Each structure stands twice: as C-alpha cells, then as structure tokens.
Amino acid sequence: MRIERDVIYIFIATLFLMVAIPWAAGQLSEDIFFEWPFFFEVAIGGLLAGVMYSLVALGFVLIFKASGVFNFAQGAMVLFSALTLVGLNELGLPMWLAVIVTLIVMLVLAIVIERVVLRPLVNQEHIILFMATIGITYFLDGFGQTLWGSEVKILDLGIPSEPGFYFGGAILINDFDLVAALIAGVLVVSLALFFQYTRIGRALRAVADDHQAALSVGIPLKHIWVIVWAVAGIVALVAGIMWGSKLGVQFSLALIALKALPVLILGGFTSVPGAIIGGLIIGAGEKLAEVFIAPLIGGGIEDWFAYMLALAFLVFRPQGLFGEKIIERV
Amino acid sequence: MHERTLGDVVLEVRNISLSFGAMRVLNDISFDVRQGEIRSIIGPNGAGKSSMLNVINGFYHPQEGTITYRGETRHQMKVHKAAEQGIARTFQNIALFKGMTTLDNIMTGRNLKIKSNMLLQAIYWGKAQKEEIEHRKKVEEIIDFLEIQAIRKTPVGRLPYGMQKRVELGRALAAEPDILLLDEPMAGMNVEEKEDMSRFVLDINDEFGTTIILIEHDMGVVMDLSDRVVVLDYGLQLADGPPDEVRSNQAVIDAYLGVSH
Amino acid sequence: MIYREAGEFKASYREDMAILPIRQDRWFMWALMAVAFLVIPSIASEYWLGTIMLPFLILALAALGLNVLTGYAGQLSLGTGGFMATGAFAAYKLATAFPELHIIVVILLAGLITAGVGILFGIPSLRIKGFYLAVATLASQFFLIWMFNKFGWFTNYSSSGVISAPPMTAFGDFFVTGPHATPVAKYLFALTLVVFFAMMTKNLVRSNIGREWMAVRDMDIAAEIIGIKMLPTKLKAFAYSSFLCGIAGALWAFVHTGSVEPLAFDVNRSFQILFMIIIGGLGSIMGAFLGSAFIVLLPILLTNAPHLFGLNIPVDIISHIEFMVFGALILFFLIVEPHGLARLWQITKEKLRLWPFPY
Amino acid sequence: MKLTKMKTTIIAAAVIAGSLAGAATAFAADSQFIGSLVYRTGPYAPGGIPWADGFADYINLLNERDGGINGVRLDLEECDTAYNTDKGVECYERLKNNGATGMPAVMPLSTGITYALLDRVVADKIPLITSGYGRADAADGRIFPYVFVPPATYWGGADIAINYIATQEGGYGKLKGKKIALVYHDSAYGKEPINTLQALADQHGFKLSKFPVPHPGLEQKATWLKIGRQLRPDYVLMWGWGVMNATAIKEAAAVGFPREKFIGVWWSGNDADMIPAGKAAVGYKSLQFNGVGSDFGVHKQIKKELYDKGKGSAKSAGNTGEVAYNRGLQSALILTEALRAAMNQYGNKPVTGEQVAWALDRLSITEERLKEIGADGLFDPIELSCVDHLGKGRAKVTQWDGKQWETISDWIEPNSEMLRAMYEASAAQYAKEKGIMPRPCG
Amino acid sequence: MTDSSKSFLQVNNIEVIYDHVILVLKGVSLEVPEGGIVALLGANGAGKSTTLKAISNLLGAERGDVTKGSIEYKGEVVDSLNPSDLVKRGVVQVMEGRHCFEHLSIEENLLTGAYTRKDGRKAIARDMQLVYDYFPRLHERRSSQAGYTSGGEQQMCAIGRALMAKPDMILLDEPSMGLAPQLVEEIFEIVRKLNQNEGVSFLLAEQNTNVALRYSDYGYIMENGRVVMEGNAKELSENEDVKEFYLGISTEGRKSFRDVKHYRRRKRWLT
C-alpha cells in the first residue's frame, strides 16, 4: 500500500493539533484542567473507543467496496444480530451454539437481501440502492423486534466494568476497552488478508471495480454479494456483541451507525485500513475535544465535533484519507 | 486538395509541459492556431491529445509553458473562463447532461448569454420570459441546422450515440464560440454518420467562420478536412504541418500510422 | 384515447414553454387546485386537516427544498433538519423581538436567514461530492441543533429550550398560529404558501438557473467547461433549498405544532425528508409531493389498517408490522420503479398515451 | 409481477378507502373512552413497556373488579408513539374524538409530545396530565388551565435531590464548597433542572458543574473522564433517558466513581436501565415519586383479578413491581380518580375533557382513599386546586441492590415557597409570549 | 451457413425490450459456425451490443429482457442461463469500452478471468503464460494497476482476461473503438491468430466495417434492431450499398469527406 505524502502530512498535523489545542486551552482557561497523564488517559480512552467505532464502520466499508451500496442498514444489522444472539441464548441455547445459529441467520439474511433487493436493483444508481437499504433497515428493525421483543436484554461477556489498571501508575485503562480493541484488531487483520490474497477476495475487489465486467468474466455477482453481506453480517455481530455488552441489547444499538459515519468519511468509503485509522482519529479527537475544548463553549460537542473533524479532513482530501485520488478526465 | 488562405494567429501554445505526479503527459508542445482554420491534433491513444485540449480550455494547469489567446498570455485560469472567452468544446466520451432533454442541453450552452437574475426567473414573467423565448429561438436555429428536430424533447440519455454526439455539438455551438474544440467527434461512427458529421464541421467553419481544433483517429477525415495537423506521440510533438506533409513524415508513419493511408 | 396531445398544436415558443404544455395536464392541475382549496377544507375532518394534510404540506415544502438541492443540483444533503430548525428559531426570534411584524414577513425573513446559513454550510460542496458530502452535511445538522440547544438567546432563555409560537393572524381575525387557529385556517395558510413556492420552484427549474443546476448535477466538469461557475451555482442551490427548508421549519414550529424543541428537527427529520425525495422522485416537483404523501400517509394508514378491518392487535405488534410493511413497500416501489413515484406517474401517462398498443 | 401489482393496488385502494371513510369503529355509547399514548416500540421501549402495562392493568382491574367507574365501563385504546413527537401528535388527534365523549385526558408520556400538544389541548378542552415530566411551570393553573403536573416536577426533583444530599452531609450548611455535577440529556427535558440547581448552588454555596450528553448518549467516555478523573465531585446528579442511563452508570464504574454518590431523577431510575449496567449499578440511587416493589394491596388485586386469569398486560405478575409499572399505575389512578370525581358531579355516564378538567382542578386523592385502593405507601396523596396544578411534589430516594430498588428515605418535601415563585415567574413569561390572560381562580 | 445442424451458436429471431417499454431488437437471427469469425456490422444504436449482451445474458443487468426467440449454443438453449454458467460453457464477452478492473493489477485482472475454472493452479499458470505470449506488452506491465495503462493495453487486457476462461467462443464488442489505426490492426491480427491457433470462434460487433470485413469470414449488417443484410465477408465488401454507406467508397473510388453532398443516394434496403 502506497500511502501518499499528504496523508502523512495531514496525520502529523492532526496529531500535533490534538496535542497542541488541549495544551493551549489548558494554559488559557482556568475551566480546563490540563495535566499530561490526564491528557494521555483521555487520548488512550478515545483511541480505544475509536476502535469500537471502527468496528461498525468496517461493515459499511465492506459492503460499499464490493457492491457499491452505502448500506444504511448496517446499524439495523448490528441490532438484529445482537437481538438474535441474545434471544437464542434466552431460549436456552448455550452461547457457542447461539453464536453459530446467529451466524447462520446472518448468512440467510444475506441470501435473502441478495435475492429480494440487490438482484432486482442491479446497476441502479448509488442513491437508489442507498434508499433500498433504508427499506431493509425498517424491515429488520420491525422484524427483529417482532421476533424478540423490545425489552432490554443483557449480554454479559464477563469482562469486569470496574476500573482496569493504571498504566505507568497514573493512566487509567479500562479492561473492557482493551478487549474490544483487541477483538476489532484481529477482525480487521484477518479481513485484510482475506481480501488481498484469496481468490474470493480478488473477485470481491473485481466486483467492486466494475459489476458488468465481473459478470462478463463469469464471476457470479450473486454469490459474491451473498459472501460480502454475510461477512458484513459477521462484522455486525461482533459489533453487536461488543456494543450490546456495553449498552444492553436494545433498539438503541441501531443508532450507533451514526457514530460510524464520520469515521467512514474520514477513512474513505472503500478503505479497510481507513476505517481503522479513521476510527482512531475520530475517537481520540472527539474525546479530547469534549474534555479540553467543550468547557469553553458549553459542552456536549462530541457529536458534531466528530463530523466537523471529518469535514475538515475532507476539505484537504475530498476522497477521504485513504480513498483514491480522483484524476478528473473528460 | 483544396487551397485556403489562413487568417492571423488567434491561439498560440508555447512550450507546454504537463504532468500528473510522476506521469509526464505533455512535453514541451508548441503550435499555433490561425483564425478560421481547421486544425487537427492526431496521435496514438494516450498521446496526450485530450490533455492538450484540457490545457487549452483551462481544465488542466500545465506546469510549464504559456498559452496566448488573442494577445492575452496566461499560465492558469479558472475553468469557466475559457467559455467566457469564446472557446467551446465537445468531449471524447460524451459529456452531455444525461437527465436533461436535447433542448435543455443546448439551452445550457447559452447560459453565459442569459442575464435575468434568479428572482426574475423564479417569477418567470416579463423580462425573464422574453429572454427565455429569444434564446429558445436561437437554439431552434441550431436544432434545425443539426437536423435534430425530432429529438428535441427526448432526454439525451435515451438517445443513440451518434445523436448524442450531435447534441453535444449543438450545445457547443449554442455558445456561438470563436474557437470550437472537437474531441473525436466521429469516434465509433460508420461512414454515413461520419459524412454527416464532416458536413456539419465544414458548415460551421464556413458559415460561422468558427476556428476549429479537431482530434480524430480517422485519417481519412483528418486528411480531408484539416488545414494543418499536429502529431503528438506520448507527450512529444512529432510533426506539425499541412496534411500531405504530415502523411509522408516517416516518424509519423512509424509511430502512428503503421501502414500508409 | 383520453390522454392524447394529438390535435394540440403549439404555434409559438411561448405556448410550448408553458408550465404544462399538454391541455389535459392543465385541466388536471386546475382540478387538483380546486380540490385542495375548496373541497378538502369543506369535507375533511379536523384530524385529516390537522394531522395529515398539514404535516404533509409542510414536509412536502421541505422536500421540495431538498429536491432542488439534491434532485436538481445533485448535492446530496442530510442537513435538512438543521435548516428547518434554523427557520423555526429565526421565525421565533423575529416574532418575539418584533411582535408587530406580519406572519408572512416573519416567515419570509426566517427563510432568508436560513438561506444565509445554507450558503455557509454549502461551501464545502465545492470540494466534496456524493456520499462524502451527504455525511459532511450531517456536521451542519448536528452543529445547528447543538447550537439552538446550547445558547439560551435563541429560546429567549426558556429553562427547557423550547420555543412557542405567539398567536398570529394572516389577516383580521384569521388566526393561523396559536390555540385559536382552526385546522382549516392553518391548512389554507400552509397550502397557499406551499402552492406559491411550488410554482416558484417550477419556474426556477425550467429557467436558466435550473438548467445550470441540472448541468452541475449531471456532469459538473462539462458544466464548468461550458461556462457555468461552480461557486455561485452550487451556493444558489444551497441558498434556495435552505430558504424553502427554513420556511418549512418555521411553518412546522408555528403552524403545525405551535411549540417545538430542537430535537423535533434532529437527524431523523433529515433522513425523513431525504426518503421523501428518493421515493417520490429526484428532480421532480411532483415527486416531492408524492414522496411526502408516501412517507407521511403510509405509516398512518398502516397503523389504522388493522383497526379498520376489525382486527384487534396489540399496538407494539402493529408498530413492528408497520415497520416491516413500510420497509417492504419502500423496496417494492424501488424495484418497480427505481426513479420514484413521479417517474411511475410519468410512465403511466406514457402508457396511457400509447394505449391500447403496447409499444 | 402483473398479479402482485394488481393485488397491491387493490389492497392499497381498500386501505385508503377505508381510512377515508373515517374510523368507523363503533364505541359503546355508555362506556368511557380512555386513550393512552404509550411507547412499546422504538429506542425507549424498555422504559415504556412497563408503564403501558401498569396503566392498562389498572384500567382493566377496574373493569374486571368493579365493572368500571361508577358502573361506567372503561374502554381503553392504546396508541404507540415510539416516543416520536410526530406520531404522538397523530395519536392524539386520532383518539381525541373517539368514544361517546372523546378522550377525557391525555398523558403523552414524552416531553416533546407535551410541547406539541400545549396549544391543541386548550383548543380541544382536553386536560393534559404530565406526571413527572413536561413543563414544570404548568404548576401554575391560572396560566395553564388544561395542564396538570402531579405528583412532581423536575424543578422539585432537583430541590429534593439537593435536600437529600444535605441530609446525607449533615445539613444545608455543609454543602458549602461541595462539588456537585449534573449529567443531563441535552434536550428540553434534561435542561429543566438547571435553573433550579443553579439557584440552589448560589444559595447554599456549592459548585454546580454541568455535563450535557448529546442524544442518544451511547458514548460518554469523555464526560466521565472529566467527572471521575478530573473534577472528582462529591455527588453526581443525572437527568438521563433511555440507553444514556445504563451507559452513564457503566462509565461511572469504569472511572471508579462511587455509585452511592450518584443520584438520578425518576426517569433515570427504571429497572430497565439498571439491568444492562449489571453489577456496575449496585448502590446507584434514584428519586422516585412512587413507591417501589409489588407488596401493595393493589398489586395483589391485579394479580388475583388479572394475572391469575391470564388477563395481565405484562409478561408475568413478576414484572408488576417495576418502578415504571408503578408509575403507569399511578397515572391510571390519577386519571380514574378524576373521572370518578367528574362523574360524581356530572352524572354516571361518560364525561368530557372539560368535565375532567373541572374535576382535576379540585382533585383530592387522600391517604384514606389510597388505603381503600390498596396503594398507601405506594403513592403520595395529591391535592390540586385551580391555582396549584402540582400538589405536594414529594419524592423518595431509592437505591438499586443489583436486583431491585430499595427505598432508603421517606417522602422528601421540596422547598415549595421558592419553587412556587419560580413556577409563577416562568409561567408569566410564557403567558406574555403567547398573549394569555391568567384565568381568575377562586 | 444454411445448414443449421452444424451451427455452433444460433440466434433465432430474438426480440429485446428495455425497461418494459423500449423495443431494441426486432427479430434478429444469426449463426456462428465453429471456428468462424463473424462480424456484426452497423451504425451506433443499430443493436449490435444488445445482440451480444443478449447472447451472453448480460442484459438483465441493464433492465433488458429477451421477450421472443431463442438462443442456442452447441444445441443447448442458453437464454435462461446466467452469465457465469455461460462462461463455464465457454462463451465469454469482451465488453465495449474495455471494462478492466482498474484497481487490480494486470495480472490480477487476468486471474479473475479464470474465476470459473476448476482445473487447478498449474493449468491457469500455463494459460497465463499463453496470454503473455500473445500480448507481450501485458507481460511488461503485469504488475501495474490496470487503471494506469493505456487504452490499447486495456483492450489487450480485456481480451487476455477473456482468454483465461478457456473459451470456445468470444463475443467481442467494438475492439477498435478509440484506438489508433496501428493498434486496431494489431488487435485484429491477434484475433485472427487466436482463431487459427487456439480455435476460438469470434462474434465481433464493429463500427469499423473496413477492418472487420477484412478479418472475418461472414458478416451481418444491422440497422434499427434488424438484420438488413448478410453474406460472406467478400460478398459484402463488394456490395454497392455496403461500399457506399459503410466503406465510404462510391463507384468513382473513395471520395473526400470535404465533398460530402447534402443529399445522397437512397439505400436499396429498408429499415
């Protein structure tokens, strides 16, 4: 992978700003408490939280890459998979079996989506497919809740929620965050390898480039889409487990998609590493901003700050951090 | 072969070099275009012909060299500026506005000549309406000229390729340009369609006195229509001169023509 | 043979360039207007006027605004809610600061203020395109809502951050906001504005500026090369679009609900309006109305449907099924006609024209 | 394809025709219609479901046991709002004219819907009862003749919370120099207590720090790092909602903030919010304007009359002790007591909203009455008047033990004098903006 | 070409409708014999590409339907197969405008061509070498991203990619489009070589009637969705109408484009 020069520049500039602005704010305003260990604690907490965003963003990237669909239903898939898992578990299935059954359900879901939605809408504009995924969102939200109810459900991974350990004696790090980051990391690396080095992975990339050409060389689009959506379903399940164990499995899980969008524009819709780096930048950026800038302007800025940060990046790289540079031709 | 006397130089391309990153697209290209002539640029695919047109109308910014247009020398300019100066063009891969009708497409070609402001247009009464109708008349003349009356209200996305090429020419003509840049106007056409297109090109040149810069692969067309020909080969300028001279140039034959035509 | 334009000849360009060149369409439109202005107010129940027609009209106006931006100028936006909120809060500030202002003036000024805000947030569109732009406009959505929530000035320092519309009249005793406004009055007021702006929009999109917008949408590079300036063209689209959205927001706060908190214009509102124009048809005035009807009416019909058929189903199940059916219907209509209800309408007309011959 | 198309068209046509014909459902002319706006779906469903069950169970109990109120059967219809304002308004408009006399009162169960209905209820003459939410200043019945806010307001809640902290610390005098943080849902609802808390902070000399959490509040790491690792306040108050509550408690645990010093308002005290937080929630405290648990007479009767016969609304009788369930019971109780009073005045037949408003203006649910119902200790008595649409406004403090809430205080009375002045000032500003003349009382 | 029992690919009177409304092909019939090169000629919009896509079953992706007629390949009706099955049976289309996978390297592009094959890595590697033998330029550029190669290289890549599927028959759409004259000849030479050495049959749609007729055995001329004329390549190139309207040669020899008349002789066939 060839990282372009300006990506590195932007990255360094961001890192610099992320350190400089809190520090300056701490010097300028008495409302802001600035101390290096605390700064690092916030930054690390943000990075680990960012990984959780990446997990959701990843699902978007996979589907967008392979089928050109901006899958609005990713959030609904997170909810649906988590609901199914917990619902099965409550029915008395052991956890491992529930996971397997849920994976099968996600595969079936992928097959159904391919048959009912993607196949009839093949070759339509992005926006139409986007709208179709909104149809899927509504359907899944309704379907999942009809099956499993709207009550909140518990998903306990047994990771303690009390303070974790103190890194270097002063920086508090949370066990749960660490585990989540680890799982996300493993997932990402295996996906990257899968895409780069397998026959299916190559076919996936081919489909991402040109549907029609892929068809013409005999790559069966429907299989590929089923695979991609199923993989996205697995990613959704992992995200659902991690977020569900944090928030409880309930309707609100579907809303975490909104937290993944800035990550997505920052990293580029088509880049797996972008989703990761984007998540880290957004996670750390919004936490640092909330802690060290927000007190100056009233607080609660986390949400729009993430988007503004992404917007600022876009002004320099309209294709996202790792998106491909567009040379316009006529 | 016909003989024509050429006018003054209107456009001068001097020592243009253009690269994208490490890729050198144009390398020290210089030629001029005279008033009222048909000037062709030929060369193999990837020779930089389209890039040359993009440089002329300000879409690409060359790293080196200048362009002098009617005495005004420039290095860089805003893209829409070229249109304001009377340079119109068509595109290699048709760049029509696919969701709009033929009529609307050609009407957009007149956008620089429409003066009513947004509020007047919103009310669509009096001046704005009169202006619309005036421009419509002009556009209808072009439609008649190109013989595309029947497809006036068809969305261009649904038109066959050859028709789209004509509509695109119409859109460029609507601006009443001094210089018309045509990028492969006859690619993918059969002889019959090429003849039609040739006739339009000649008529535009004759009747409106429009200067034409033409990129074309069909050597028959190029040799028959052009007054002078520039040959590019992978960013280098291979030859420049009247068709007959270029045709017999050994370097051109080796790099491009293969067998002599 | 009912729908034929055969036998209609147009002798001048003026006739050919009329809004509705086909006679039957004109009749249809007049009939529709008559129904909207005369029949509906006299026969529709309060429930229909106040809870269905009013939101339908106001959201159709917002959808019209977004359709100018997205459908005509090709700039995908998810900031509609934020712009509607801007309109609502601007109208509130104006109406409370200058109580003597007429409601039309208040609403128009609110629209203009929103247009200014729209221009500001439209600037990134010069560099950013497609879904990237859509997500980027979410920045404006979140920022605006946060701003109205955060600064007490916008709400005249009300403890909860909620704004309430003062009672205002369109003329005489004809109240259109406040507790004394009747649903009929509110409906007629909103309808008049919506029809007026729909006409204006139609004029714009068939004029030069409309063609410039579509050119930018269809192929921005070519548009620029033929002399269309990106900056003013895109910003005009943002300005006009947010102007309409602002007016819709002001109407929503003043005429429809009377009191709103910023969350009424949260990101779900933006998505709702976007759904409307996609389902209705991008780049179509009619589409904005059809889409609004679909998104506003369908859930209500679905909720009421089991009741009408005498089925007694628990509300949560109805809600869930409503979600499922709604999602399935979106898919169904997209598959039948990906370019929206307006296109479906168009095709029906075309088929009608060819009828009884298949091609 | 053709066939499906035709089918859809037919069904769509039928649906449209049907709804155009109007809601033709027949209502018995001699039964009292009750419309209930609930949210059994959507992001807040976990908190909405038990409330709806409690409300429905109490109405059904009256029907099953007494044949309704004064012999008038109650005809309950739910409408699902999904906590969405647009849907809520639609529900209200659809239900308001149902039954013989229309909807006797509306309980929108959402601050957003409450605001959207403020104008409408005045025009429709239907009382709007917002128990523990909505506009606190509607306690002033002169300016809000159709809005009723028993049994408590957020402003009162804020005062009670400080009062409780003061008793914990050993008197208001000890509050000086203390640090109290408020974590709130960044919306109309969450901002309600700020003015009151600020006034109290000025009065008692503690320092109030505010931490808004953007909706929906899935991520609060930054907020809690600020609170738990930097500010380290003596107490944290929370005005949270839905998934925000559980997240806040988990993050509090993650930074090691003692849950015993973490006090939520009643909407941050649902069982449904504690469950996902798991062990982290143990020790967390919450205000409640109703008692907790199901050891009350009314619960036993509900079990006997409904659940034992398979007619209960909730999943099982075991769910009937949840606080949200009890809140639903309480709302039903307030409404039905008002209906009873209205019927006593206007005759034993279905009553109108205006008549119910009359009854609410002089509603009196005494300790004795509560005993009769089997709800003594569960609810606080309520006395309303034309001027006072709130009542005592008392609340208790409860603590989560990992499985259920334990009551750890008696009813705490807010500082009514100070609050009354604030209600009136705020109501006056509203009246000015809306051009409302206060109605004469008494 | 009259003995249909020997025919390899046979298209019988097909009708194609786009979007349920637009009738594009109005009864097209044609045949390709085993080992033949057949040219499908005609103006833009005549329906050549649609015919090819109808055969390779790529129409579905563009909301087109074959509503009448049938397509047989090696005696089997293939209308309802999906493109992938057809590739497995040995029919591959090279689409108009190349359609290389821009972000994949040339080599990866070629490998995707072998997606449907199950005969192992060795066989695929062998065929890859074969493709490189035919197109040495691809070998030179095998690790560059296809998006960064020239138009000619992309056309070679597309043909090479099709070869990787080990086809018996290639449907080649507009190979000459937008290519310099020299390259056009080069590509057609390779087509001929593939035909002779590997026994691949070709059905090619071409605007460039001149070149196409030189390299093919048989030709069909399409106009407005119909076949209006067919015959041996030689016959066609000597036909007066074809000469005038497709080759630009009138009886007096090739005329200059400068002398185009504003009116012209009528064709003897009707569309």
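A few remarks follow.
Chains here go by letter, A, B, C, D and E, matching the order in which they are written, and residues are numbered from 1 within each.
Note that in this section a residue touches a chain if its C-beta (ideal position, glycine included) is under 8 Å from a C-beta of that chain, and two chains touch if they have at least 3 such contacts.
Because the structure is predicted, anything quoted here is derived from the model rather than measured.
Shared contact partners of chain C and chain E comprise A, B. By count of C-beta pairs in contact, B-C exceeds the other of the chain pairs A-E and B-C. Relative to chain B, the most remote chain by averaged C-alpha coordinates is D.
Here the CA centre of chain C is 34 Å from the CA centre of chain D.
Separating the centre of chain B from that of chain D, both taken as means of CA atoms, is a distance of 71 Å. The centroid of the Cα atoms in chain A and the matching centroid in chain C are 32 Å apart. For chain B, the set of residues that touch two or more other chains comprises 59, 91-92, 95. Among the residues of chain A, those touching two or more other chains are numbered 145, 150, 298-300, 303, 330. Contact residues of chain C toward chain A in the complex are 76, 124, 127-132, 135-136, 138-139, 142-143, 146, 149-151, 221-222, 225, 267, 271, 275, 278-279, 282, 316-317, 319-331, 334-335, 338-339. Within the complex, the chain A residues that touch chain E are 122-123, 199, 202-203, 205-206, 208-220, 324. Across the complex, chain C meets chain B through its residues 13-14, 17, 200-201, 203-204, 206-212, 214-215, 217-219, 221-230, 236, 240, 283. Chain E contributes residues 56, 58, 60-63, 82-84, 86-88, 92-95, 99-104, 108-109, 111-113, 115-116, 158, 161-162, 164-165 to its touches with chain A in the complex. On the chain C side of its complex with chain D, the touching residues are 45-47, 50-52, 55, 96, 142, 146, 149-150, 156, 158-162, 164, 166-167, 178-180, 257-264, 266, 299-305, 307-310, 314-316, 318-320, 323, 332, 336.
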